[in-house]
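So that you can tell them apart, the chains are marked A, B and C in the order they are listed, and the count of residues begins at 1 in each.
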Amino acid sequence: MQRESFIDWLDRHAGRVFLFPAIFLVLAFSIFPLIISAWLALSRFQISANGYDITFIGLLNFKKLIFGSQQFHLVGTFAPVPILGWLVLVAVAGMVLWALWGYLRSGSVTILGVVGRFISFGLAILLALMFTFTLGDKAQIGSLATTLFYVVVGVSMQFLIGTGLAWLCAQKIKGRDFFRVVFFVPMMVTPVGVAYMFRMLADMKQGPFSPAWRGAGLGEFAWSTNAWSAKSMVVVGDVWQWVPFIFIVMLAAFESQPRDEIEAAELDGASPWQIFRDITWPSVAPVAATIVLIRVIEAFKIIDLPNVLTNGGPGIATESLTLHSFIDWRTLSLGTSAAVAYILLFVSTVTCVSFFNFVVLPMRQRRT
Amino acid sequence: MTVTLDKVAKSFGATRVLHELDLAAEPGEFVVLLGASGSGKTTALRMIAGLETTSSGTITIAGRDVTNVLPKNRDVAMVFQSYALYPHKTVAENIGYPLMIRGLPRAERDKQIKDVADQVELGPYLDRYPRQLSGGQRQRVALARAMVRRPAVFLMDEPLSNLDAKLRGHMRAELKHMQHGLGITTIYVTHDQVEAMTLAHRVALLEGGKLQQLAAPKEIYNDPANLFVARFIGSPPMNLLHGRLDAGTFLLGDRRIGTASHGTSADAVLGVRPEDCRVTEPATGTLMAEVYATELIGDHTLVTAKLSADMLTLKAGKDFDAPVGTSLGIAIAPERTYLFDGPTGLRLR
Amino acid sequence: MSVFESRRLGRMAPAAAVIIYGLLGAWTLAVIFPIYWLVVTSIKVRLDVTGGPFYLPFIDFTPSGHAWHYIFYDLGNDTFRPYYNSIIVACFSTLVVMIIGTGASYALARLSFKPRLFSVVLFIFSVIGALLMVAAAGLDWRIAVAVALAIFALLAWALRRVPSPTLANADILFWLISQRIFPPVVAAIPIYVMFQRIGLLDTHAGLILAYVTVNLPIVIWLMYDFFVSIPRDLDESAELDGASKFRVFWDIVLPLARPGLVATSLLVFIFAWNEYLLALFLSTANAQTIPILVSAQNGTRGPEWEYMSVLILIMILPVIVLTLLLQRFIAKGLLLGAVKG
């Protein structure tokens, strides 16, 4: 048997040649930093005479953030619980118990399932508790809750507006292509630009809406000095930017509904609402679930908007977890910076995996 | 060039797709791998091409062991069932692709492309794209691309199955003529027995990954090796009656049928082709039956006759017109019968 | 029939039409107005900005090119440098990530990989070993990496017969794509330290490398669907005709995937252009990109709307143009298959 030429040897291993650079890059930039970050999160970083010192301190950073001197930053400050707080807690607890009961009754219980649910539901309850206790008048919510606020409120609004616009566009209107192009633009505008744009737009004194604010008696109100109005402005900017994403995908989903089924239902005399509920929604639900998941994944990472729009302020009111980590890094508190990053990693991964398992998969299965 | 498969077997994971297959194709021979889907015929073909690895056994082409050689170095050309034409290249570029890879200069390439295109009557279409061609034309492009290489072996994977019936018949003749003219060893896969019988020098019938019989079409038709072959080849299929064989006489219920065999078996199957059964008077026939259905084919009538427990198909004249339920006799010449052992399916001689 | 239902076949009821067009029109305004405001503000002088909102050029105020002149001439280099950096980093990172990502997703779509879980775990431990060597023993990182790789290779070969579950293509694909869930901030600090050691901090190359890594999952995810939809027969036919796998990729597969390539490249370029966090961490002075410039200017020039508007306009104009190019592909549903799947 003749010896293979080098070209042929390369050809035989072509698969590895194609794949290897990608694997190598991802390993170098994910596994490697992940481990270092973990180590940093468990150490104290100090500038010393000859550069810097890193001493291992175990979970002290996490303790400081969750219970100790930095608690106000991550978790928030506590106060008597308002009604809203109790409502949130009861609602979350209720949902968790219902889901758990449904699972245990389902008859297909596995160890992985139980462990997974334990983590997901446990986290949900903890977060709900955190919310509840930091929601009061004198209280202040921390970066963890703020991030969740951005994710939950932001993505919900993006989804509602985006799907609504998509549904409107899917009707028999003229100029659908025009709307498609125009609506797509905000998604690609650099987030830093979006932040500044809204900073200008929201200005109460010289912004384009100031006549309206003055008329409503808000002329002297500076939205950036109030915690919740500042947070809301971040959400407004985020919504403006990301509605297009939902819109484009949902429009495509609406356009690819099963025409036959709809025509049959129309002939049978079904009302538009019935058609939407029974045919349209089931066919777009899997796509909707996937798209929301994608947005949730990205929303956890938000930093451009809070940084440029409000600089994390007032105080720490608009700080997302990423921003919190960045600020700690800038102030050379590397240990807590890495710890916050890890907390973000944990919360976002559990949330995304839970969402995937409890929402996306069932929607997909129901379709097939 | 000779192509040999020596104890070639293939498993995907735990599933055995091909049991040790021995096959040798002579230079210039047209061998057809015939079988239903899942019989292993396409797997065998792809292993010859090098698109699948063997689990065991060796493959040689022109005396060279190619079992571990890359497909591009085996000197085989393949016509795919889907034709696999490159949609973004013209007909000329499609045909010329193998030549371009080998670095043939432009002028020489164009000449060879034109030669082959003329042979398959694609001359006027060289600048078209595949999507502008009909099914038959695309098939010829695929053929031309294989021909232009003058390979050691042609491999064809059901190339005619995507064509309509009329075109298929026409292309069959074309293929046969072309292969005869070029004299290149061809391995051809199909599930259509008509294609196998008309095109092949020899047919290899496969079932469940095992070779059932390897023989020339005439022999496979007239001398089936086992029950499966007997059932598969022939349209309408061979009649099969279950009964006992006693020293060469087949016992069906209370009827006795003389056969050409000498054996004895408690569980035997008698096979007789429809064209070897004659309609006679009920009294003089080897078997008695009644008419179940008649179908006028054109030049003959296909009669389905019901025996006590079995059905029999036979061919009668085009004027045969008996109504359902008429009694008739069926004459079977002993030398036209085939006997098989019930449990194993093997032919009893 | 309610007032919203159509009375004529094929046309909408007037009441419904009013509401629908009204809502769509409202959102169109919401989209266009902020950008309009940017443009209008960029041609104002300071007085027009602070003196309360003026909306229409030539009617409410006299437009002036002052801000533009200032940014381009007076600030010249300060503006051009980040712009130049943005262009270089976005272009090259797009090029590199498309090459690496397309190759990887083609391999995953066509060929079958079966890495052993054991080997993967072994590799991770080697990495940890290398890190310990550097941290504890203060070894030069190049030596540590070489030693770790050597140990890994040795162990992998020596223990190659150890039984272990194998992973499949789907697992590799999932892992690569799930990298997107990873908040970049977790990796930012270590990468900062890594770059500092290797000397890649505040360089084009460093940023390009980082951008390539974060955008790789997108490229792989989107191109995978394209490659899977190209019939395997074409690959095999070309292989039999004598083409090596590289040739098949170049001659046959890539041309057929061209729309996907263009759409994905545009998308990735836009993401690279807009990238903020990594640039924030990994560039300090020389390699700053435009988003960082804007963010920094926000601090010093915050209230100077007219200058900021110019900066932001030149920052977002390229991506808006590219977006208009890209949306043609989106409209054809090209990238959406990946989302649905």
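The definition used in the following text is that contacts are C-beta pairs under 8 Å (C-beta built on N, C-alpha and C of every residue); 3 or more make two chains touch, one makes a residue touch a chain.
The structure displayed is predicted, hence computed values, not measured ones.
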Chain labels contacting subunit B and also subunit C: A
Chain nearest the global centroid, as defined over all protein CA atoms shown: C
Pair of chains ranked first by number of touching C-beta pairs: A-C
Approximate Å spacing (C-alpha centroids) for the pair subunit B, subunit C: 55
Centre-of-Cα separation between subunit C and subunit A, whole angstrom: 18
Distance between chain centroids, defined by C-alpha means - subunit A, subunit B (Å): 61
Residues of subunit C whose C-beta touches two or more other chains: 244
Residues within subunit B bordering two or more other chains: 72
Where subunit A touches two or more other chains, by residue: 8, 11
Subunit B - residues contacting subunit A, complex: 65, 68, 70, 72-73
Subunit C to subunit A touching residues, read off their complex: 4-5, 10-12, 16-17, 20-21, 23-24, 27-28, 30-35, 37-38, 41, 49-53, 55, 100-101, 103-104, 106-108, 110-111, 113, 123-124, 127-128, 131, 135, 172, 175-176, 179-191, 193-194, 209-210, 212-213, 216, 220, 244-246, 249, 270, 273-274, 276-277, 280-281, 290-291, 294-295, 298-299, 302, 305, 308-309, 312, 315-316, 319-320, 322-324, 326-327, 330-331, 333, 336, 339-340
Touching residues (chain side subunit A, partner subunit C) in the complex: 7-8, 10-11, 14-19, 21-23, 25-37, 39-40, 161, 164-165, 168-169, 171-173, 177, 179-194, 196-201, 205-211, 240, 248-249, 252-253, 256, 272, 286-287, 290-291, 294, 297, 300-301, 303-304, 307-308, 311, 321-322, 325-326, 329, 334, 337-338, 341-342, 344-345, 348-349, 352
Touching residues on subunit C, where the partner in the complex is subunit B: 231, 233-234, 236-244, 247, 251-252, 255-256
Touching residues (chain side subunit B, partner subunit C) in the complex: 49-51, 71-72, 76-78, 80, 82-84, 86-88, 97-98, 101-102, 145, 149
